[in-house]
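Next come two complexes, and both contain subunit A; in the first it sits with subunit B, in the second with subunit C.
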Partner chain A sequence: MLKEKIKSTVTELLENKRIDFVIGYGAGSDAGTVRPAFVKSVEEVEQLIWSPFAVNNLAKFVMDHLYENIKIGVIVKGCDSRSVIRLVQDKVFPRENFYVIGVPCKGILDKNKVAKDFDLSGDLVDFTEQGDEVILKTSKGEFKLRKEDYLLDKCYRCETPTPVVYDVLLGEEVAPFRTDDYEDVKAIENLSVEEKSRYWDKQFEKCIRCYACRNVCSACNCRDCVFDMAEPNWVGKAANLSENTAFHLIRAWHVAGRCVDCGECSRVCPMGIPVNTLNRKMIKDMKELFAVETPGKNPEQGPVLGTFRTDDPEEFM
Partner chain B sequence: MRKGYILKESFKTWLGAIKEKFPLIAPVQDDGLTLFKEVEKVDDIVLDYGITRMPPKDLFFPQTEKMFRIKNKNNVAIELESPEKVTDELVLFGVHSCDLKSILALDPVFTTRFPDRYYQERRDKTYVIGLSCTKALPTCFCTAYGINPTDADGADVHLTELGDKYLVEVVTERGEKLAAAIPGIIFEDTTNLEAEKAKLTEKVKGEIKFIDLTGVKEVLDENFELPLWEKWAQKCLGCGICTYVCPTCHCFDINDFNRGDGVGERFRCWDSCMFSDFTRMAGGHNPRPTKKERVRNRFMHKLKYHLDRYNIVGCVGCGRCVQRCPENIDIRAIISDIKGGV
Partner chain C sequence: MKRLFEFIGFEPGRFHARWISGSEAQKVVETARKVTEEVRALGPNKKMRDDRC
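Showing the complex of A and B:
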């Protein structure tokens, strides 16, 4: 079982002092939630779990340990592993300070979708997977569900179910079995200019400027963020459509070519703004213009907008 | 307190009569979120909601509030122009007991030592109609703070849905004023309805997991340093969600806006003690340099400082922060850690 594999791997790493601590998943407040667990000693390894709801991307937490002589174990799924590439490529956190514990992933359940049909308010006692079925054993009862019906939207288009970078892989590689058709982006592209404008105005109006989308983002790794600056005051602190629009567009452009499409920005938004759709529009455009892959998918491929090739399209010149 | 009832069949008419007279703010569905918003049609009001995504504090303490206009007079003087009127009278309908209590917790901040005319005027001109909960969410824990999910405390008029009637409790003088302005409440004996309300209270209370706060304040009074702060802080992203969805968090920043043409305005807007620059001084010093100090500050504020300062709870157990924290930092688990002395 994955949970046992995680525990034994981490125990061994800690015992042999190959890492200083590990960032993994611990039990959350209810069956559909996990909470990051920072495990520093063998005694704490018991806290570690694996859950079909383990959505959180844990890679960015290493940024609390910049410039430390440290080795941090991080448990990553395929999508999260692209964030490791991001942090390494951006020279934020050196590869040698990471110990990447890769988890091949066949998709994570969306707790909001599952909670509509099942009572997730208890604790997750255990779970088993048989084929495409998951049986969730919770303190409020046992629920059997077809995984395919309840995955996170991003999992339906996952092209890297196996981490693209790892030091140890806990399980068999999962071959990519989906392609990203960018249907969500196309749906908005197909709107008229006025409809698009109305759509995004509606979304940006809701923004409460909590900066969760920025803080969770592995591409938002600047030492000083433009949004925290008072002088010059690039974007005002007032929460209104004008400033919020400036915030969202600047945020999207700052991660253009570097966003690894992990989807965390949309997940954490308390107001349900599809933040990541803006990023995905740019990824789609870049794929079409420069024939590149999703950032972070290919460790050899640098940031698209930071790379010059003589055959780059230049029809605008 | 006068008590009466409204028949369910005439309830929408009653709400409609309010809407005729005042702007009516109530929980409505907006792009998938339940939010307190000005109502366009009475039918849009969501009566059986669990909890609104955002608390009602925005009605009294807007996220962004213009304070005055600044005008440069030929570089010799500046002219300041404060708004004469902050708001019209309005009715805030459908506030649950936790949120009602949160308004009472905000009052001393803005009306006692440093009276704030903006808050005061909004408060004075808002009629608050409370609505008892009929069900609890897994994240609810109002009972920890001695709040019942059907409490009328903080409302001007309080309603409880019971069968084919709404029990009406007219709590304050402002409530009397509203009841007088909007006919429809039948002031008859409500003994039976009150007994039913007591039953509903017990039912909903039974759905709430009781969090025992015994000893928590005492531990925090005696201990500034506890290992648990580091433990929880390392999970924190440092975003502002918990403070912005919190009905009692009330920190703000003051900023100026101008286009460089000598005309501008001063506004205040919500700020969050979870932000790294919240306590950063002009010279660069930051007395809360890491997430540990910031996380500790927030929970100390909820569980101790607010009580010390105002003798009223700083958390009302609405559970919004528990629902929304991206990393599942759960104040109920922190309370349990504090009690465990870790």
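Showing the complex of A and C:
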């Protein structure tokens, strides 16, 4: 079982003092939720779990420990591993201070989709996977569901099921078995100018400027953020449509070419704004213009917009 | 930048970006004319016009 593998790996790492602590998953408030667990000693290893709902990207938590020169173990899925590359490439957290515990992943269940059909209010006791079926054993009953029907949207277009970077891999490598077709972006691109405007106005109107999308983002790793500054007041703080539009555009541009498309921004948005679609639009454009891969997928590929190439299309010339 | 502006519903032609050297006077003039013409044809901008507080 993966859970046991995680526990034994972490115990060994902590006992041998190879790492100072581990960021993993702990049980959340209900069967469909996990919470980040920070395990500093062997006694605390018991809190670690693995769940088919383990959606959180844990890599960014290392940013609470900048300049401390400690070694941190992080449990990452394929998508989260791109965030590790992001933080290393941006020189935010050195690679040698990471101990990356990779988990090959065939898709994570979307709690909201599952909760529509099943009662997830109990605790997750255990789960088993048989082929493409998952059996969830919760304190409120046992549920059997077809994984393919309940995955997170991002999992249907996952190109890196196996972490792209790891120090230890728990389980067999999963060969990439899906491709990203950017259907969500294309659907909006195909709308008329007025429809696009109306769609995004409706989305940006909802924004309460909580900055959760920025806080969760592994590409948002500046020490001072333009959205926090009052002097000069680069971006208005008022939550109205104009200022919100400015905020979302600027946020998207500030991570352009570095966004690893982990999808956390959309997930944490309390108002349900598809924040990540803006990033995905730019990733799609960059792939078309510069023939690059999703940032973070290829550790050799530097930041797309920070690379000079003589064959740049130069649309602005 | 232009592409994202259009993605969120600005009209194509509302926003222009050009790289012009200080010695390319003719290009400055041509670009300014083109931008003015295209934007005039589109009429006043309606997006992002709320008052700043």
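Couple of notes before you dig in:
To be clear about the criterion, the second predicted complex is superposed on the first by the 315 of 317 C-alpha atoms of A that agree within 3 Å, B and C clash if a C-alpha of one lies under 4 Å from a C-alpha of the other, contacts with A are read in each partner's own complex, and residues count from 1 in each chain.
Heads up, the rule we're going with is that a contact is a pair of C-beta atoms (placed from the backbone, for glycine too) under 8 Å apart; a residue touches a chain by one contact, two chains touch by 3 or more.
In this text the structure is predicted, and so the values were computed from the model without any measurement.
Looking at the shared chain after the overlay, A:E96 reaches neither subunit B nor subunit C. In the superposition on chain A, A:D64 makes contact with subunit B only, not with subunit C.
Of the two partner chains, neither subunit B nor subunit C is touched by A:D311. Once the two complexes are laid over each other on the shared chain, residue contacts for A:L249 go to subunit C alone; subunit B is not touched.
In the superposition on chain A, A:N240 makes contact with both subunit B and subunit C. Once the two complexes are overlaid on the shared chain, A:E43 sits clear of subunit B and of subunit C alike. Once the two complexes are overlaid on the shared chain, A:L278 sits against subunit C while remaining clear of subunit B. Under the contact criterion defined above, the residues of subunit A that touch both subunit B in one complex and subunit C in the other are 236-238, 240.
Taken together, the subunit A residues at the contact with subunit C in this complex read 188-189, 193-201, 236-238, 240-243, 245-246, 248-249, 252-253, 278, 281-282, 285, 314-317.
Every residue of subunit C that touches subunit A in the complex is listed here, in rising order: 1-12, 17-19, 47-50, 52-53.
Contact residues of subunit B toward subunit A in the complex are 31-33, 53-54, 63-64, 138-139, 231, 234-235, 237-241, 244-245, 253, 255, 257, 267, 269-272, 275-277, 291, 322, 324, 326-330, 332-333. In the complex of the two chains, the subunit A residues touching subunit B come out as 28-30, 33-36, 38, 56, 61, 64, 121, 202, 206, 208-212, 214-216, 228, 230, 233, 236-240, 264, 267-268, 270-272.
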